[in-house]
């Protein structure tokens, strides 16, 4: 019995990180109506940044967290100007293809540098043992960090002038423009924030599991599942959706072969999209 | 005169907003019925309820003897009910002729492509777009797009035409031309239900007028009766145009 | 339709495609043309969804993979002739698409695009766990399967010719639909779905129909292609990347045009061949494809043909 509880708790801990990843995706979607298909590649950048920090620079693994936030933000702003700015407001196909093209470039470069073999960055943290079950310290730390970063995002969005501008632009770009908000800069900044969140979630995931250049796809799909569970464009819903997905994975693990879990996830994803196109946890829009 | 469209007691609520409440109206064959009211009175919602974009919460809509309540828009269109939108919705990348061909193909006569093209050409010429048939729709001027809306709706060879502010945004010359076109359409036997803000036009064109306020019917009658109705005058308080228009109408 | 020049052009092109490698007995040329043919089939059927109806289907490869699986399963387990098996695969996948399309096509825009990714991944993972189809290892053909054709060498030529036939059929399908009432309705949906419905276009039915139509030929091609390969496994059958490459080709040639997807497919295939064989560039194939796509999307969204039509509007009439 406690075995199930333990895997549920572990699922929730990992789910918080999924939630953080999805938050990056959903923030960009909510503010500029763009589904960022480079999301997975950015998660991978976060993973390899951890590798570089630890093995190339010899620094403490958690130094990678603030480093990724800063780098991700700047990188996101650059990406916005290269790939997103010209396609905003155009047909959805254009922004989907544009961000997918970025994905191809990043994954291609990554493959050329790191090949597609697996990497592992062991991070040692004290674990907690209960009734013979061990909760790894890295999982607990990652979940705490995910929640803290989510909290910071909330403060930024709802308690600062910048956040107000972001929300105004998300709500009605033309009206925001008329009141003197520099909407283009706000869009670039929101994209930077979204990329930073995705990257940092990648760094946290890399402290938990081994990864390859191609790992991004799986986590991007998980982010989609989470976003759909939580409601597209809803950052608070994303965290709940992430925890829900972690919970489902945790609950399913003891009862079915591992290879069936993706079937359940993707089945759930398509089902949720069709049945609840606004998300299960979305209460914001009438 | 027989009844073509019978709207009976329809209501629609959006969240906390009662957009339309218990509205009934009738359009007879060959008639122009004007639907007027202050901004936000629910006029466009009434159109959306009639042509199936929304299903009404209560009541029924009957068209040409058939119950069309809650019927999807494409089936309503097939029965001969066409609409020109207030906010023009051209199929931007298609030419003027192709836009009208869509109307003719999927309208009341359900024409095959080649015949639809002929009807489309005829209707586009009729509303004065004959010289712009091959122009891409998105490159038309506002007045041109309004005409396109009309031509596309007419290409369906409808029995009833819903006109949503076809005069809005036109200059005086264009307005005169459009009014003449609307008269021609009526003369060809098509009944019209029109929403219009330009009072002088609606007063002179309509056989009867229904006044809507806050989603409910405020008054109904001939242009003269409506213009003299004290409740209507109160609803339009401060807007003296309705009085002047009534005096100006024949 | 045979009174216009375009269909004849397709027939002649298909004959050249089929006969030149056959009479020169050039197997290398055949293999490279075969890939181009497969990509033309994928891109031009995808064009029905993306270019005409305006619905982005990222997971269109699911039709190809399912068609392949059904065909190889019928050939190995039931000893059905491969041509019949491919046909059954095409019909079955089309029927499933019609049923499924009715549900999934209630989604608009980006939601639909996301769902198509989900569908492909869900089917792939399902097949990984589906033992009758060999699970993760897939289905292998024995050499006996090629006997009806007089051996593997002959079978390969047969499959090539049949796939070229499907390529021509794809082009003709694009042509017929574009010049039909159905096509006009689809293009109206692609431009403005709500306005199309008000004009009387039966949007839900048309969308499900085109989803199903765009599944038929890719599913058949999947059957023939994997029969030719002699093996099918979930990774190769439901390769999302291939699906996306088909979109790149479509955009390169010009979405919504009839010849664009074919032009894009051939160009892309050629470019990839050059990149893969050039020493310093072989690692950067994906990067260069990505940069190419980025440039197309940002600067020439109409693709090559769209660009041509804008330069010389008269070409619009000639090429349809």
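For clarity, chains are labelled A, B and C in written order, and residue numbers in each chain start from 1.
Basically, a contact is a pair of C-beta atoms (placed from the backbone, for glycine too) under 8 Å apart; a residue touches a chain by one contact, two chains touch by 3 or more.
Every value quoted in this text rests on a predicted model; they were computed, and no experiment measured them.
In this structure, the chain pairs A-C and B-C differ in their number of contacting C-beta pairs, and the larger number is found at A-C. Note: the chain lying farthest from subunit C is B, by mean C-alpha position. One inter-chain figure worth recording: subunit A and subunit B are separated by 48 Å, centre to centre, where each centre is the mean of the chain's CA atoms. Centroid to centroid, with C-alpha atoms defining each point, subunit A and subunit C lie 32 Å apart.
Subunit B and subunit C, compared by their mean Cα positions, are separated by 44 Å.
Note for the complex: subunit C touches subunit A at residues 50, 54, 56, 58, 103-104, 106-107, 109-111, 113-115, 117-119, 121-122, 125-126, 128-129, 136, 240, 244, 247-248, 251, 255, 283-294, 297-298, 301.
Note for the complex: subunit A touches subunit C at residues 29, 33, 35, 82-83, 86-87, 90-94, 96-98, 100-105, 107-109, 111-112, 217, 221, 224-225, 228, 232, 257, 259-260, 262-263, 266-267, 269-270, 273-274, 277.
Of all the residues in subunit B, the ones that touch subunit C in their complex are 51, 53, 72-75, 77-78, 82-83, 85, 89-94, 98, 101-103, 105-107, 112-113, 116, 152, 156. Residues 179-181, 184-185, 187-188, 191-192, 194-204 of subunit C touch subunit B in their complex.
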